[in-house]
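My questions will all concern the structure given below.
Chain naming follows the written order as A, B, C and D, and within any one chain the residues start at number 1.
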Amino acid sequence: MKAHASVRIDIPFHDVDAMRIVWHGNYARYFEIARTVLLRQYELDYPEMEASGWLFPVIRMDCRYLSPLRYGDIALVDVTVEEAEFKMALGYRIVEEKSGRKIATGHTEHAVLDRDFNLLMPIPTALRDRFLQGGAPSAPP
Amino acid sequence: MKAHASVRIDIPFHDVDAMRIVWHGNYARYFEIARTVLLRQYELDYPEMEASGWLFPVIRMDCRYLSPLRYGDIALVDVTVEEAEFKMALGYRIVEEKSGRKIATGHTEHAVLDRDFNLLMPIPTALRDRFLQGGAPSAPP
Amino acid sequence: MKAHASVRIDIPFHDVDAMRIVWHGNYARYFEIARTVLLRQYELDYPEMEASGWLFPVIRMDCRYLSPLRYGDIALVDVTVEEAEFKMALGYRIVEEKSGRKIATGHTEHAVLDRDFNLLMPIPTALRDRFLQGGAPSAPP
Amino acid sequence: MKAHASVRIDIPFHDVDAMRIVWHGNYARYFEIARTVLLRQYELDYPEMEASGWLFPVIRMDCRYLSPLRYGDIALVDVTVEEAEFKMALGYRIVEEKSGRKIATGHTEHAVLDRDFNLLMPIPTALRDRFLQGGAPSAPP
(Lines give C-alpha, C1' and ligand atoms only; values in the text may rest on other atoms or scores of the structure.)
Protein backbone atom coordinates (compact mmCIF):
# COMPACT_ATOMS: atom_id res chain seq x y z
CA MET A 1 0.00 0.00 0.00
CA LYS A 2 1.26 3.42 -0.86
CA ALA A 3 2.31 5.80 1.90
CA HIS A 4 -0.38 8.25 2.94
CA ALA A 5 -1.37 10.59 5.77
CA SER A 6 -4.08 13.05 6.72
CA VAL A 7 -4.47 16.17 8.85
CA ARG A 8 -7.31 18.30 10.18
CA ILE A 9 -7.03 22.10 9.92
CA ASP A 10 -9.34 24.53 11.72
CA ILE A 11 -9.40 27.47 9.28
CA PRO A 12 -8.01 30.56 11.02
CA PHE A 13 -9.35 34.08 10.45
CA HIS A 14 -6.07 35.31 8.94
CA ASP A 15 -6.29 32.78 6.07
CA VAL A 16 -9.53 34.32 4.77
CA ASP A 17 -9.54 37.13 2.19
CA ALA A 18 -11.84 40.05 1.41
CA MET A 19 -14.23 37.67 -0.41
CA ARG A 20 -14.60 35.88 2.96
CA ILE A 21 -13.11 32.66 1.57
CA VAL A 22 -9.66 31.13 2.15
CA TRP A 23 -7.23 32.90 -0.17
CA HIS A 24 -6.24 30.36 -2.83
CA GLY A 25 -2.49 30.67 -2.18
CA ASN A 26 -2.93 29.33 1.36
CA TYR A 27 -3.68 25.85 0.04
CA ALA A 28 0.08 25.35 -0.50
CA ARG A 29 0.45 25.69 3.27
CA TYR A 30 -2.28 23.12 3.91
CA PHE A 31 -0.63 20.70 1.47
CA GLU A 32 2.71 21.18 3.22
CA ILE A 33 1.24 20.51 6.67
CA ALA A 34 -0.14 17.19 5.37
CA ARG A 35 3.12 16.38 3.57
CA THR A 36 5.10 16.96 6.76
CA VAL A 37 2.95 14.47 8.65
CA LEU A 38 3.49 11.96 5.83
CA LEU A 39 7.26 12.44 5.88
CA ARG A 40 7.37 12.17 9.66
CA GLN A 41 5.44 8.91 9.59
CA TYR A 42 8.00 7.52 7.15
CA GLU A 43 10.95 9.12 8.96
CA LEU A 44 11.71 11.44 6.09
CA ASP A 45 11.00 14.82 7.63
CA TYR A 46 13.46 17.71 7.19
CA PRO A 47 15.82 16.69 10.02
CA GLU A 48 16.00 13.13 8.67
CA MET A 49 16.34 14.47 5.13
CA GLU A 50 19.29 16.53 6.21
CA ALA A 51 20.83 13.64 8.16
CA SER A 52 20.39 11.25 5.21
CA GLY A 53 21.52 13.88 2.76
CA TRP A 54 18.31 13.57 0.75
CA LEU A 55 16.52 16.74 -0.27
CA PHE A 56 13.06 16.93 -1.87
CA PRO A 57 12.62 20.41 -3.35
CA VAL A 58 9.22 21.16 -4.90
CA ILE A 59 9.59 21.29 -8.69
CA ARG A 60 5.91 21.52 -9.61
CA MET A 61 2.58 22.05 -7.92
CA ASP A 62 -1.03 22.39 -9.02
CA CYS A 63 -4.37 22.86 -7.32
CA ARG A 64 -7.98 22.66 -8.52
CA TYR A 65 -10.46 24.65 -6.41
CA LEU A 66 -13.89 23.01 -6.27
CA SER A 67 -15.67 24.77 -3.43
CA PRO A 68 -14.52 27.57 -1.11
CA LEU A 69 -13.39 27.19 2.51
CA ARG A 70 -14.67 29.77 5.00
CA TYR A 71 -13.60 30.88 8.45
CA GLY A 72 -14.64 28.23 10.96
CA ASP A 73 -14.64 25.39 8.43
CA ILE A 74 -12.56 22.29 9.19
CA ALA A 75 -10.36 21.16 6.30
CA LEU A 76 -9.45 17.47 6.16
CA VAL A 77 -6.35 17.17 3.99
CA ASP A 78 -5.26 13.76 2.68
CA VAL A 79 -1.96 13.11 0.94
CA THR A 80 -0.85 9.97 -0.92
CA VAL A 81 2.41 9.06 -2.65
CA GLU A 82 1.51 8.67 -6.34
CA GLU A 83 4.94 8.08 -7.84
CA ALA A 84 8.42 7.41 -6.54
CA GLU A 85 10.40 6.24 -9.53
CA PHE A 86 12.05 9.21 -11.24
CA LYS A 87 10.67 11.87 -8.99
CA MET A 88 8.45 11.92 -5.92
CA ALA A 89 4.84 12.83 -6.79
CA LEU A 90 2.18 13.39 -4.13
CA GLY A 91 -1.57 13.78 -4.54
CA TYR A 92 -3.79 15.79 -2.17
CA ARG A 93 -7.54 15.93 -1.51
CA ILE A 94 -9.27 18.42 0.77
CA VAL A 95 -12.80 17.83 2.13
CA GLU A 96 -14.71 20.04 4.58
CA GLU A 97 -15.44 17.95 7.65
CA LYS A 98 -18.86 19.17 8.70
CA SER A 99 -20.54 19.38 5.30
CA GLY A 100 -18.54 16.73 3.44
CA ARG A 101 -18.06 19.22 0.59
CA LYS A 102 -15.15 18.48 -1.79
CA ILE A 103 -12.91 21.52 -1.53
CA ALA A 104 -9.82 20.90 -3.66
CA THR A 105 -7.48 18.42 -5.27
CA GLY A 106 -3.82 19.00 -6.04
CA HIS A 107 -0.34 17.62 -6.60
CA THR A 108 3.24 18.39 -5.77
CA GLU A 109 6.29 16.95 -7.51
CA HIS A 110 9.68 16.82 -5.84
CA ALA A 111 13.15 16.15 -7.18
CA VAL A 112 15.34 13.89 -5.07
CA LEU A 113 18.83 15.30 -4.53
CA ASP A 114 21.78 14.01 -2.55
CA ARG A 115 23.90 15.97 -0.11
CA ASP A 116 25.89 17.57 -2.95
CA PHE A 117 22.75 18.59 -4.84
CA ASN A 118 23.15 15.88 -7.46
CA LEU A 119 19.84 14.80 -8.93
CA LEU A 120 19.18 11.16 -8.07
CA MET A 121 17.32 9.54 -10.94
CA PRO A 122 15.92 6.96 -10.58
CA ILE A 123 15.16 7.46 -6.90
CA PRO A 124 17.28 5.27 -4.53
CA THR A 125 15.63 1.92 -3.88
CA ALA A 126 15.56 2.35 -0.11
CA LEU A 127 13.54 5.51 -0.49
CA ARG A 128 11.27 4.21 -3.23
CA ASP A 129 10.37 1.15 -1.18
CA ARG A 130 9.52 3.19 1.86
CA PHE A 131 7.09 5.28 -0.19
CA LEU A 132 5.55 2.70 -2.48
CA GLN A 133 5.18 -0.22 -0.09
CA GLY A 134 4.67 1.92 2.96
CA GLY A 135 7.56 -0.07 4.44
CA ALA A 136 8.83 0.32 7.98
CA PRO A 137 7.03 3.50 8.93
CA SER A 138 7.27 4.66 12.48
CA ALA A 139 4.03 4.93 14.38
CA PRO A 140 1.96 7.94 13.31
CA PRO A 141 2.42 10.95 15.65
CA MET B 1 -2.51 41.59 -29.18
CA LYS B 2 -3.43 39.82 -26.00
CA ALA B 3 -3.54 41.74 -22.75
CA HIS B 4 -0.34 41.46 -20.70
CA ALA B 5 1.52 43.16 -17.84
CA SER B 6 4.70 42.81 -15.82
CA VAL B 7 5.95 43.69 -12.34
CA ARG B 8 9.29 43.77 -10.52
CA ILE B 9 9.52 42.29 -7.02
CA ASP B 10 12.49 42.79 -4.68
CA ILE B 11 12.47 39.53 -2.72
CA PRO B 12 11.90 40.29 0.98
CA PHE B 13 13.60 38.37 3.80
CA HIS B 14 10.29 37.03 5.15
CA ASP B 15 9.57 35.19 1.86
CA VAL B 16 12.67 32.99 2.24
CA ASP B 17 12.55 29.62 4.03
CA ALA B 18 15.03 27.57 6.05
CA MET B 19 16.61 26.35 2.78
CA ARG B 20 17.41 30.03 2.08
CA ILE B 21 15.21 30.06 -1.02
CA VAL B 22 11.79 31.61 -1.56
CA TRP B 23 9.22 29.21 -0.13
CA HIS B 24 7.33 27.75 -3.10
CA GLY B 25 3.90 28.80 -1.85
CA ASN B 26 4.84 32.47 -2.10
CA TYR B 27 4.79 32.32 -5.90
CA ALA B 28 0.97 32.53 -5.74
CA ARG B 29 1.44 35.97 -4.18
CA TYR B 30 3.83 37.04 -6.94
CA PHE B 31 1.38 35.83 -9.60
CA GLU B 32 -1.42 37.79 -7.93
CA ILE B 33 0.62 41.00 -7.80
CA ALA B 34 1.21 40.74 -11.57
CA ARG B 35 -2.43 39.81 -12.21
CA THR B 36 -3.60 42.87 -10.28
CA VAL B 37 -1.49 45.16 -12.48
CA LEU B 38 -2.96 43.47 -15.56
CA LEU B 39 -6.52 43.91 -14.32
CA ARG B 40 -5.88 47.54 -13.40
CA GLN B 41 -4.51 48.27 -16.85
CA TYR B 42 -7.69 46.87 -18.35
CA GLU B 43 -9.93 48.45 -15.71
CA LEU B 44 -10.91 45.11 -14.27
CA ASP B 45 -9.42 45.29 -10.80
CA TYR B 46 -11.46 44.27 -7.74
CA PRO B 47 -13.31 47.60 -7.31
CA GLU B 48 -14.27 47.59 -11.01
CA MET B 49 -15.14 43.90 -10.78
CA GLU B 50 -17.47 44.64 -7.94
CA ALA B 51 -18.95 47.66 -9.70
CA SER B 52 -19.49 45.68 -12.92
CA GLY B 53 -20.71 42.69 -11.02
CA TRP B 54 -18.09 40.43 -12.58
CA LEU B 55 -16.11 38.15 -10.30
CA PHE B 56 -13.07 36.07 -11.32
CA PRO B 57 -12.45 33.44 -8.63
CA VAL B 58 -9.38 31.22 -9.11
CA ILE B 59 -10.52 27.72 -10.07
CA ARG B 60 -7.09 26.24 -10.89
CA MET B 61 -3.44 27.13 -10.57
CA ASP B 62 -0.13 25.46 -11.34
CA CYS B 63 3.52 26.40 -11.08
CA ARG B 64 6.72 24.81 -12.38
CA TYR B 65 9.84 25.74 -10.39
CA LEU B 66 12.95 25.93 -12.58
CA SER B 67 15.53 27.71 -10.44
CA PRO B 68 15.30 29.09 -6.88
CA LEU B 69 14.89 32.74 -5.89
CA ARG B 70 17.02 33.98 -2.99
CA TYR B 71 16.85 36.97 -0.68
CA GLY B 72 17.99 40.05 -2.58
CA ASP B 73 17.06 38.66 -5.99
CA ILE B 74 14.76 40.72 -8.21
CA ALA B 75 11.86 38.76 -9.69
CA LEU B 76 10.42 40.00 -12.97
CA VAL B 77 6.92 38.54 -13.28
CA ASP B 78 5.11 38.64 -16.63
CA VAL B 79 1.46 37.73 -17.10
CA THR B 80 -0.46 37.23 -20.35
CA VAL B 81 -4.09 36.41 -21.07
CA GLU B 82 -4.04 32.99 -22.76
CA GLU B 83 -7.74 32.30 -23.06
CA ALA B 84 -10.94 34.27 -22.58
CA GLU B 85 -13.67 32.18 -24.17
CA PHE B 86 -15.19 29.86 -21.60
CA LYS B 87 -12.99 30.83 -18.68
CA MET B 88 -10.18 33.31 -18.17
CA ALA B 89 -6.75 31.64 -18.35
CA LEU B 90 -3.55 33.53 -17.55
CA GLY B 91 0.06 32.47 -18.08
CA TYR B 92 2.99 33.66 -15.95
CA ARG B 93 6.77 33.67 -16.38
CA ILE B 94 9.28 34.70 -13.72
CA VAL B 95 12.87 35.65 -14.57
CA GLU B 96 15.56 36.88 -12.15
CA GLU B 97 16.58 40.35 -13.30
CA LYS B 98 20.29 40.41 -12.55
CA SER B 99 21.23 36.93 -13.76
CA GLY B 100 18.52 36.41 -16.38
CA ARG B 101 17.83 32.99 -14.84
CA LYS B 102 14.44 31.45 -15.67
CA ILE B 103 12.75 30.97 -12.29
CA ALA B 104 9.25 29.65 -12.90
CA THR B 105 6.29 29.36 -15.22
CA GLY B 106 2.69 28.97 -14.15
CA HIS B 107 -0.99 29.44 -14.89
CA THR B 108 -4.18 30.47 -13.17
CA GLU B 109 -7.68 29.80 -14.42
CA HIS B 110 -10.65 31.89 -13.33
CA ALA B 111 -14.38 31.40 -13.65
CA VAL B 112 -16.40 34.46 -14.67
CA LEU B 113 -19.44 35.04 -12.46
CA ASP B 114 -22.05 37.76 -12.46
CA ARG B 115 -23.30 39.68 -9.44
CA ASP B 116 -25.58 36.83 -8.42
CA PHE B 117 -22.79 34.23 -8.68
CA ASN B 118 -24.15 32.78 -11.93
CA LEU B 119 -21.42 31.27 -14.07
CA LEU B 120 -21.13 33.21 -17.35
CA MET B 121 -20.17 30.82 -20.12
CA PRO B 122 -19.12 31.81 -22.69
CA ILE B 123 -17.55 34.94 -21.27
CA PRO B 124 -19.41 38.21 -22.13
CA THR B 125 -18.15 39.69 -25.40
CA ALA B 126 -17.21 43.04 -23.85
CA LEU B 127 -14.90 41.30 -21.45
CA ARG B 128 -13.48 38.86 -23.98
CA ASP B 129 -12.62 41.65 -26.37
CA ARG B 130 -10.88 43.65 -23.74
CA PHE B 131 -8.65 40.68 -22.92
CA LEU B 132 -8.02 39.20 -26.33
CA GLN B 133 -7.59 42.33 -28.38
CA GLY B 134 -6.08 44.35 -25.55
CA GLY B 135 -8.84 46.85 -26.36
CA ALA B 136 -9.18 50.24 -24.70
CA PRO B 137 -6.84 49.73 -21.79
CA SER B 138 -6.12 52.64 -19.56
CA ALA B 139 -2.51 53.79 -19.41
CA PRO B 140 -0.29 51.45 -17.39
CA PRO B 141 0.24 52.66 -13.80
CA MET C 1 -11.84 34.37 37.33
CA LYS C 2 -10.86 36.13 34.16
CA ALA C 3 -11.56 34.51 30.83
CA HIS C 4 -8.64 32.55 29.41
CA ALA C 5 -7.81 29.86 26.82
CA SER C 6 -4.85 27.97 25.42
CA VAL C 7 -3.84 26.28 22.17
CA ARG C 8 -1.07 23.97 20.97
CA ILE C 9 0.67 24.75 17.66
CA ASP C 10 2.99 22.31 15.87
CA ILE C 11 5.40 24.71 14.14
CA PRO C 12 5.15 24.23 10.36
CA PHE C 13 8.14 24.47 8.01
CA HIS C 14 6.74 27.52 6.17
CA ASP C 15 6.79 29.60 9.39
CA VAL C 16 10.58 29.30 9.71
CA ASP C 17 12.94 31.85 8.15
CA ALA C 18 16.47 31.72 6.74
CA MET C 19 17.86 31.87 10.31
CA ARG C 20 15.99 28.57 10.90
CA ILE C 21 13.77 30.14 13.56
CA VAL C 22 10.11 31.16 13.38
CA TRP C 23 9.95 34.56 11.68
CA HIS C 24 8.94 37.06 14.36
CA GLY C 25 5.92 38.36 12.45
CA ASN C 26 4.25 34.95 12.63
CA TYR C 27 3.63 35.33 16.36
CA ALA C 28 0.66 37.60 15.51
CA ARG C 29 -0.90 34.54 13.86
CA TYR C 30 -0.27 32.38 16.92
CA PHE C 31 -1.81 35.03 19.18
CA GLU C 32 -4.85 35.21 16.91
CA ILE C 33 -5.34 31.43 16.94
CA ALA C 34 -5.39 31.51 20.76
CA ARG C 35 -7.65 34.58 20.81
CA THR C 36 -10.13 32.84 18.52
CA VAL C 37 -10.40 29.88 20.90
CA LEU C 38 -10.96 32.31 23.77
CA LEU C 39 -13.70 34.16 21.90
CA ARG C 40 -15.36 30.91 20.86
CA GLN C 41 -15.40 29.69 24.46
CA TYR C 42 -17.18 32.89 25.46
CA GLU C 43 -19.40 32.92 22.38
CA LEU C 44 -17.77 36.02 21.00
CA ASP C 45 -16.13 34.69 17.85
CA TYR C 46 -16.48 36.56 14.55
CA PRO C 47 -19.92 35.16 13.59
CA GLU C 48 -21.29 36.05 17.05
CA MET C 49 -19.57 39.42 16.90
CA GLU C 50 -21.29 40.14 13.64
CA ALA C 51 -24.62 38.88 14.93
CA SER C 52 -24.35 40.95 18.10
CA GLY C 53 -23.02 43.92 16.22
CA TRP C 54 -19.89 44.06 18.35
CA LEU C 55 -16.53 44.42 16.60
CA PHE C 56 -13.11 44.15 18.27
CA PRO C 57 -10.50 45.62 15.91
CA VAL C 58 -6.88 45.40 17.08
CA ILE C 59 -5.68 48.87 18.06
CA ARG C 60 -2.31 47.91 19.56
CA MET C 61 -0.07 44.88 19.83
CA ASP C 62 3.34 44.09 21.28
CA CYS C 63 5.52 41.03 21.60
CA ARG C 64 8.70 40.31 23.55
CA TYR C 65 10.82 37.48 22.08
CA LEU C 66 12.65 35.50 24.77
CA SER C 67 13.84 32.36 23.00
CA PRO C 68 13.41 31.22 19.38
CA LEU C 69 10.96 28.60 18.11
CA ARG C 70 12.28 26.11 15.56
CA TYR C 71 10.67 23.77 13.06
CA GLY C 72 9.24 20.79 14.94
CA ASP C 73 8.81 22.68 18.22
CA ILE C 74 5.39 22.69 19.85
CA ALA C 75 4.20 26.14 20.93
CA LEU C 76 1.74 26.30 23.82
CA VAL C 77 -0.02 29.66 23.59
CA ASP C 78 -2.04 30.96 26.56
CA VAL C 79 -4.27 34.02 26.44
CA THR C 80 -5.98 35.83 29.32
CA VAL C 81 -8.32 38.82 29.43
CA GLU C 82 -6.41 41.53 31.31
CA GLU C 83 -8.81 44.45 30.99
CA ALA C 84 -12.37 44.94 29.82
CA GLU C 85 -13.37 48.38 31.05
CA PHE C 86 -12.57 50.96 28.38
CA LYS C 87 -11.01 48.63 25.87
CA MET C 88 -10.40 44.88 25.69
CA ALA C 89 -6.81 44.00 26.57
CA LEU C 90 -5.46 40.46 26.26
CA GLY C 91 -2.16 39.03 27.48
CA TYR C 92 -0.34 36.09 25.83
CA ARG C 93 2.41 33.70 26.92
CA ILE C 94 4.13 31.15 24.69
CA VAL C 95 6.07 28.19 26.10
CA GLU C 96 7.73 25.38 24.12
CA GLU C 97 6.10 22.14 25.18
CA LYS C 98 8.98 19.69 25.10
CA SER C 99 11.69 21.85 26.69
CA GLY C 100 9.52 24.12 28.80
CA ARG C 101 11.44 27.11 27.40
CA LYS C 102 9.73 30.50 27.71
CA ILE C 103 9.36 31.72 24.15
CA ALA C 104 7.45 35.00 24.20
CA THR C 105 5.00 37.27 25.97
CA GLY C 106 2.73 39.79 24.32
CA HIS C 107 -0.47 41.82 24.36
CA THR C 108 -3.21 42.93 22.04
CA GLU C 109 -5.65 45.77 22.69
CA HIS C 110 -9.00 45.96 20.96
CA ALA C 111 -11.56 48.72 20.63
CA VAL C 112 -15.19 47.71 21.07
CA LEU C 113 -17.42 49.06 18.33
CA ASP C 114 -21.12 48.64 17.68
CA ARG C 115 -22.74 47.75 14.37
CA ASP C 116 -22.46 51.33 13.14
CA PHE C 117 -18.77 51.58 14.06
CA ASN C 118 -19.45 53.75 17.10
CA LEU C 119 -16.82 53.33 19.79
CA LEU C 120 -18.42 51.87 22.93
CA MET C 121 -16.67 53.27 25.99
CA PRO C 122 -16.96 52.03 28.60
CA ILE C 123 -17.51 48.52 27.29
CA PRO C 124 -21.14 47.25 27.61
CA THR C 125 -21.72 45.52 30.95
CA ALA C 126 -22.88 42.26 29.38
CA LEU C 127 -19.60 41.95 27.55
CA ARG C 128 -17.43 43.10 30.44
CA ASP C 129 -19.00 40.56 32.77
CA ARG C 130 -18.49 37.74 30.37
CA PHE C 131 -14.77 38.56 30.14
CA LEU C 132 -13.98 39.53 33.69
CA GLN C 133 -16.01 36.96 35.58
CA GLY C 134 -15.65 34.30 32.96
CA GLY C 135 -19.44 34.18 33.03
CA ALA C 136 -21.56 31.71 31.12
CA PRO C 137 -18.96 30.36 28.74
CA SER C 138 -19.91 27.57 26.44
CA ALA C 139 -17.95 24.34 26.77
CA PRO C 140 -14.45 24.61 25.30
CA PRO C 141 -14.23 23.21 21.74
CA MET D 1 21.64 62.83 11.83
CA LYS D 2 20.24 59.45 12.68
CA ALA D 3 19.99 56.81 9.99
CA HIS D 4 16.59 56.57 8.34
CA ALA D 5 14.87 55.22 5.22
CA SER D 6 11.44 54.99 3.65
CA VAL D 7 9.54 52.70 1.27
CA ARG D 8 6.28 52.78 -0.66
CA ILE D 9 4.04 49.70 -0.60
CA ASP D 10 1.07 49.18 -2.94
CA ILE D 11 -1.27 47.13 -0.75
CA PRO D 12 -1.88 43.73 -2.40
CA PHE D 13 -5.21 41.91 -2.30
CA HIS D 14 -3.79 38.97 -0.32
CA ASP D 15 -2.88 41.26 2.62
CA VAL D 16 -6.52 42.21 3.21
CA ASP D 17 -8.76 40.24 5.59
CA ALA D 18 -12.48 39.48 5.77
CA MET D 19 -13.08 42.95 7.29
CA ARG D 20 -11.64 44.36 4.02
CA ILE D 21 -8.72 45.96 5.84
CA VAL D 22 -5.06 44.92 5.97
CA TRP D 23 -4.75 42.15 8.57
CA HIS D 24 -2.87 43.65 11.51
CA GLY D 25 -0.14 41.01 11.53
CA ASN D 26 1.01 42.08 8.06
CA TYR D 27 2.43 45.33 9.45
CA ALA D 28 5.46 43.34 10.68
CA ARG D 29 6.19 42.62 7.01
CA TYR D 30 5.90 46.28 6.06
CA PHE D 31 8.22 47.24 8.91
CA GLU D 32 10.74 44.64 7.74
CA ILE D 33 10.68 45.87 4.15
CA ALA D 34 11.52 49.39 5.38
CA ARG D 35 14.17 48.06 7.78
CA THR D 36 15.84 46.14 4.96
CA VAL D 37 16.15 49.31 2.89
CA LEU D 38 17.65 51.08 5.91
CA LEU D 39 20.19 48.31 6.50
CA ARG D 40 21.10 48.20 2.81
CA GLN D 41 21.71 51.95 2.77
CA TYR D 42 24.09 51.54 5.70
CA GLU D 43 25.62 48.35 4.32
CA LEU D 44 24.20 46.24 7.12
CA ASP D 45 21.80 44.01 5.26
CA TYR D 46 21.74 40.26 5.92
CA PRO D 47 24.67 39.36 3.63
CA GLU D 48 26.84 42.07 5.24
CA MET D 49 25.59 41.03 8.66
CA GLU D 50 26.70 37.51 7.97
CA ALA D 51 30.04 38.64 6.53
CA SER D 52 30.69 40.94 9.51
CA GLY D 53 29.46 38.35 11.93
CA TRP D 54 26.87 40.75 13.38
CA LEU D 55 23.33 39.50 13.85
CA PHE D 56 20.33 41.66 14.81
CA PRO D 57 17.53 39.35 15.98
CA VAL D 58 14.21 41.04 16.87
CA ILE D 59 13.75 40.95 20.66
CA ARG D 60 10.66 43.17 20.90
CA MET D 61 8.12 44.76 18.61
CA ASP D 62 5.00 46.89 19.03
CA CYS D 63 2.50 48.54 16.74
CA ARG D 64 -0.28 51.05 17.32
CA TYR D 65 -3.05 50.98 14.67
CA LEU D 66 -4.57 54.41 14.04
CA SER D 67 -6.53 53.99 10.82
CA PRO D 68 -7.02 50.96 8.56
CA LEU D 69 -5.29 50.31 5.23
CA ARG D 70 -7.45 48.99 2.40
CA TYR D 71 -6.75 47.22 -0.87
CA GLY D 72 -5.42 49.77 -3.36
CA ASP D 73 -4.04 52.10 -0.68
CA ILE D 74 -0.39 53.12 -0.87
CA ALA D 75 1.48 52.78 2.42
CA LEU D 76 4.48 55.03 2.95
CA VAL D 77 6.63 53.43 5.65
CA ASP D 78 9.38 55.45 7.35
CA VAL D 79 11.96 53.95 9.69
CA THR D 80 14.47 55.79 11.91
CA VAL D 81 17.19 54.51 14.25
CA GLU D 82 16.12 55.63 17.73
CA GLU D 83 18.79 54.00 19.85
CA ALA D 84 22.08 52.23 19.21
CA GLU D 85 23.80 52.05 22.58
CA PHE D 86 22.85 48.82 24.34
CA LYS D 87 20.50 47.51 21.73
CA MET D 88 19.33 48.70 18.33
CA ALA D 89 15.89 50.35 18.50
CA LEU D 90 14.00 51.44 15.39
CA GLY D 91 10.86 53.56 15.09
CA TYR D 92 8.34 53.28 12.25
CA ARG D 93 5.55 55.50 10.93
CA ILE D 94 3.06 54.55 8.22
CA VAL D 95 1.03 57.14 6.30
CA GLU D 96 -1.39 56.50 3.43
CA GLU D 97 -0.06 58.37 0.40
CA LYS D 98 -3.23 59.56 -1.30
CA SER D 99 -5.22 60.69 1.74
CA GLY D 100 -2.36 61.57 4.07
CA ARG D 101 -4.05 59.52 6.80
CA LYS D 102 -1.84 58.41 9.69
CA ILE D 103 -2.04 54.62 9.65
CA ALA D 104 0.29 53.27 12.32
CA THR D 105 3.36 53.79 14.47
CA GLY D 106 5.59 51.07 15.84
CA HIS D 107 8.98 49.95 17.08
CA THR D 108 11.33 47.01 16.84
CA GLU D 109 14.23 46.30 19.17
CA HIS D 110 17.15 44.13 18.14
CA ALA D 111 19.96 42.53 20.11
CA VAL D 112 23.42 42.75 18.56
CA LEU D 113 25.22 39.40 18.52
CA ASP D 114 28.61 38.37 17.19
CA ARG D 115 29.36 35.35 15.02
CA ASP D 116 29.34 33.04 18.07
CA PHE D 117 26.00 34.40 19.31
CA ASN D 118 27.60 36.39 22.14
CA LEU D 119 25.55 39.42 23.09
CA LEU D 120 27.54 42.60 22.35
CA MET D 121 26.66 45.22 24.95
CA PRO D 122 27.32 48.05 24.52
CA ILE D 123 27.06 47.91 20.75
CA PRO D 124 30.46 48.10 18.92
CA THR D 125 31.47 51.69 18.22
CA ALA D 126 31.79 51.16 14.47
CA LEU D 127 28.19 50.04 14.29
CA ARG D 128 26.85 52.66 16.67
CA ASP D 129 28.48 55.46 14.71
CA ARG D 130 27.07 54.24 11.45
CA PHE D 131 23.55 54.32 12.90
CA LEU D 132 23.65 57.42 15.04
CA GLN D 133 25.64 59.73 12.82
CA GLY D 134 24.39 58.23 9.59
CA GLY D 135 28.09 57.78 8.77
CA ALA D 136 29.38 56.46 5.46
CA PRO D 137 26.17 55.14 4.00
CA SER D 138 26.23 53.87 0.48
CA ALA D 139 23.92 55.60 -1.96
CA PRO D 140 20.26 54.70 -1.43
CA PRO D 141 19.06 51.98 -3.85
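By definition in this document, a residue touches a chain if its C-beta (ideal position, glycine included) is under 8 Å from a C-beta of that chain, and two chains touch if they have at least 3 such contacts.
Everything numeric in this text was worked out from a predicted model, so none of it was measured.
The chain with its CA mean position farthest from that of chain D is A. Where chain B touches chain C, the two copies mostly use the same residue numbers: shared numbers make up over half of all numbers in play. Computed centre separation for the pair chain A/chain C is 29 angstrom, with centres defined by C-alpha atoms. Between chain B and chain C, the centres computed from C-alpha atoms are 35 Å apart.
If you average the Cα atoms of chain C and of chain D, the two centres end up 25 Å apart.
Across the assembly, chain A contributes 13-14, 18, 25, 28-29, 32, 46, 71 as residues in contact with two or more other chains.
Residues 13-14, 16-18, 20, 23, 25, 71 of chain A are the ones touching chain D in the complex. Partner chain C is touched in their complex by these residues of chain A: 12-14, 28-29, 32-33, 36, 45-47, 71-72. Interface residues of chain A facing chain B in the complex, by the touch rule stated above, are 18-19, 21, 24-26, 28-29, 32, 46, 55, 57-65, 68.
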